[in-house]
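The first chain written gets the first letter, and so on, giving A, B and C; residue counts start at 1 in each chain.
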Amino acid sequence: MANKLIVSPSPHVQSMQSTASIMRDVVIALIPALVVSTVVFGVNVLGLTALSVAACVLFEYLIQRFLVKGSCTICNWSAVVTGVLLAFNLPASIPWWIVVIGAFVAIAVAKMTFGGLGKNPFNPALVGRVFLLIAYPVQMTTFPAVANPALDALSGATPLAAVKHGVEAGVLPVQDLLLGNMPGSLGEVSAVALLVGFAYLLWRRVITWHIPVTVLATMALFAFCVALARGGEASLLWQFPLFHLLAGGALLGSIFMATDYATSPMTVKGAVIYAVGIGAITMCIRLWGAYPEGMSFAILIMNSVTPLLNKYVKPKRFGVK
Amino acid sequence: MGGVHPSENKLSRAKAIEVLPLPEVVQIPLAQHIGAPATAKVAKGDKVLTGQLIAEATGFMSANIHAPISGTVQSVDLQPNGQGVRQMMITIKREGDEWVDTIDRSTELKKECTLAPQEIIAKIKEAGIVGMGGATFPTQVKLSVPPGKKAECLIINGVECEPYLTSDHRTMLEHGEELLVGVTILMKAIGVSKAYIGIENNKPDAIAHLQQLAASYPGVEVTPLKVRYPQGGEKQLIAAVTGRQVPPPPALPIDVGAVVCNASTTYAVYRAVQKNMPLIERVVTITGKGLKEPKNLLTRMGTPISTLIEAAGGLPENAGKVINGGPMMGRAMVNLDSPVTKGCSGITVMCGAEAERKSAGQCMKCAKCVAACPMGLEPYLLSKLSQKKKWDEVEAQMITSCIECGCCQSTCPAYLPLLDWVRLGKQTVMGIIRARMAAAAPKK
Amino acid sequence: MEVLLYTILTLCVLGVLAAVILYFVAQKFKVEEDPRIDCVEKMLPGANCGGCGFAGCRGMAEALVKRDDISALFCPVGGGDTMKAVAGYLGKAAAEKEPQVATVRCGGTCAKRPRTNRYDGASSCAVASSLYAGETGCSFGCLGYGDCVAACSFGAITINPGTGLPEVDPDKCTACGACVKACPKKIIELRKKWPKNRAVYVSCVSHDKGAVVVKACKAGCIGCAKCEKVCAFGAITVEGNLAYIDPAKCKLCRKCVNECPTGAIRLVGMEPLPKAAKAAPAAAAKPGAPAAAPAAAKTEGPQPVALKASALDPLRLLNPLKTVEAAKAAPAAEARTLAALKESALHPLRLLKH
């Protein structure tokens, strides 16, 4: 035989998935939300997302090429995911240069300083978003009214902000929240589109249901208890939790951001604790905090707990009682 | 819990067992089993008959070895094995086909067994039977229930969860009746009244066949199992059948009252006890996508692997890897002239890109390895710590529980060599534990 | 005014309280330690290489201070001087050991030991060696994945890409023994360090029979025992088809080097002995060297890897200032002309001087 035999330890089978295929699947899962967002806020959305992606990929390429001097990592699509998610966390009216700054913080500060993919302790896109929220509070909280004339536009305040300022949660139509007929960040407007993405990710075995479902269940339970304590109409007992699940970044955060591999716990048990923490902190910030929305802060706070959970929450060992 | 579902690729599932013509020369390694190598009883120039004892078990944990063909012993010396490591082997050149006359070579079914349990175990020991699923644990040791422990049930492992391999499947289909007699013999040997035959649902024909036959054997039950690698791992199988989990090492299956025996081994037990047939041949699946004719071959021990490959149509042009065993746990070979041994259930040939590992990336903490680990370990962590030589930490993380099934590595989307490192860590920690026990022993 | 007063008062009380707590905690958890341990630790090299058997220099320093008899302790990095200084400071008797250097005992270069298969697993000698015999026909030789390089905390070992074998820089090597432990094939040995880094050793650890060795590698020891017979000091023993030169008995007389038929005995830092009568015809051929030189250059030309490999042969590692002797008992293919040697001598020069 001419060619030499290859020798390696077992197993001799490798996964059909790859880092790149997983990241590509996440991007595909985000497309429905992007489409709805474009319909609601106009073509500007596409430009913004493209800019964010381009900036993230460029920063990653430059840092990997000239600072880390390692092999090229942009082909694994992770920078693209960060770019799309960052854009989805911004209002449609944001100036372009703020997007670039956000991308820089996300990639250069939150990701590459720690060694790149898999080593970052905090979700890069959220670090970018929170940085921008603190540095440019006005631009980050000015939400344009829904641009599509076919839709019956709400005012320029997001549903959560409206509730914060005294509007009863029950008065907002659930139908609008589901379809995206409300102001808000690019990605968070349509619950249905995000759920379609969730289904796709589950089908492709990119994520498991544990984190998103636990986050949402915790939030719903929390809201239900609060509604119960506040008293009032019986219909609020289901309207209030439903509103909190559909409004703001609850779905976007729990499906796409809290499930980020590097920053979520490695075990199912750990992931459930982490998800409960995210749900509870989000509701605390929403109900009693200074900001109308608390998803991104909650995820970042629980990101910091992840190493601890990895250290102390171990999987159930076979044969150990 | 855990596990993966690799492509089954059971290419030879419908191929009836064929008898491979007798080889001209065989090489018989003295170490074909776990434990001490056997001691050679023949020397260069000796004439041997088929079925004659040529190497005797050395001590408790060892196994007898018999001549698979008749002829003259050419040498007893060091020869390279499949991995290129030189091992003591007896080389026999074939002359005719003369058998030891005590062996009953008829195919007639012999159901009754009047032997006492101790006599059965002695016969199994005499025949040199070892676990034929790949672990090669001497069967008589497994059947000798240590004092103070009690066997409650016998589990026959017909799972064959390893992709590609079909030798157990075909044995169950073609020798079902003999296998069931073997089961009753084993039940008698360990003194239990209940036996389960665990078979994965991807072999409905074998399940149906054995279920129909088992109706006339009281206490024997066929248990269909979910298709999930490594369902055929001893501990996984016990958990699936009885619901009991074997505690971490050094605990053994007998600690939860179970004795597990592979299906092919059970057939060999029938032949040894009822027909005086020592373990000199076995069914080997020769398979692979590039092979012209994947098949199941009844092969004498010691036959060169290359002969089997020729029988299956020869090694393809672009063959990259030849694996002794299946793709999940088999060992890649460098020497194709090395012999078939007692634990060789199949030869898998991989071609082209399939044979090469894809280049490894960076761990992105996707936790797929943790979810896949059937033992509830954290492969990413064990691999990282082993790489850093943190032996006490990996020991604390229960690395010795690892069964080396390969689920972690085969599910890793970054293609990291997780098990390469975990295996190294496990071997090192086992060495450390043995040294610790040896150091503690003299103090008594 | 009142606010100011209360603030100051509160702070003062807090401060005093904290101080009292800190005092008691410090008393309670005080660790009594011999101050000499710190001094000794400073005298040690601080490499934390573990060559002494302790996890780090601190552990060694503690043992040196606490034990009465320190003759069993030795810092391979600091060597005799450091041990003397420490012993003098502590008023104890120090162990004396002659300096050693790590020696790689495998001559199976890519050119001399052809690869028969391709390893595709994790790049680690330990992983590969637990899997199988290795990429070549020799199951004893160097695997070349550099576990020793990773183990060395002094940067003294590098894998030469031309030969695929590790090379030890004797000036950087501290004989800490980390590489010896890291090598799963037990190829690296700590041997006596002679002045000017001279050495004579068997560069092979194969216990295979001669015929098997020859098939797998052109530079292996075949256990012919010619060297054992010629050694006047009883330094060479052949056991299990392998010769071994005892560094304690060897006097670097170099007689064995010329005897070895495969060149497995390696000579470093010295010229080989002039060949005896048998070598005379070879010497007579010298005048013909210029004519042979282009031919030699031709064969080497298209094989840069082979050239590099051969440049590392023991005979080539000569003192460049002296005339190179073209004497070697190895097969004819290995015989080089004077001129060719002078050319290739440039390579070892660079390698030695870096």
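What we mean here is this: contacts are C-beta pairs under 8 Å (C-beta built on N, C-alpha and C of every residue); 3 or more make two chains touch, one makes a residue touch a chain.
For clarity, every value in this text was computed on a predicted model and none was experimentally measured.
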Legend entry - Chain located farthest away, centre of subunit A as origin (C-alpha): C
Inset, instruction - Please work out which of B-C and A-C is bridged by more C-beta pairs in contact, and write that pair. - result: B-C
Legend entry - Identity of the most central chain, Cα criterion: B
Legend entry - Euclidean distance of C-alpha centroids - subunit A vs subunit B, Å: 48
Inset, instruction - Starting from the mean Cα coordinates of subunit B and subunit C, work out the distance between those two points in Å. - result: 42
Legend entry - Distance between chain centroids, defined by C-alpha means - subunit A, subunit C (Å): 54
Inset, instruction - Give the residues of subunit C that touch two or more other chains, as numbers and ranges in rising order. - result: 116-117, 120-122, 127, 131-132
Inset, instruction - For subunit B, write out the residues touching at least two other chains, lowest number first. - result: 331-332, 334, 356-357, 417, 420, 423
Inset, instruction - Could you tell me which residues belong to subunit A and also touch two or more other chains? - result: 5-9
Inset, instruction - Flag every residue of subunit B that touches subunit A in the complex, lowest number first. - result: 1, 6-7, 163, 235, 239, 245-248, 251, 315, 318-323, 325, 327-334, 336, 348, 350, 355-358, 361-368, 370-371, 373-378, 380-381, 398, 401, 404, 406, 409-415, 417, 419-420, 423
Inset, instruction - Can you check the complex and tell me which residues of subunit A touch subunit C? - result: 4-9
Legend entry - Contact set on subunit B toward subunit C in their complex: 80, 83-86, 331-332, 334, 356-357, 417, 420-421, 423-424, 427
Legend entry - Parts of subunit C lying in touch with subunit A, wherever the complex brings them together: 115-122, 127, 131-132, 135
Legend entry - Residues of subunit A touching subunit B in the complex: 1, 3, 5-15, 17-19, 21-22, 73, 76, 78, 116-119, 208, 261-262, 264-268, 314-320
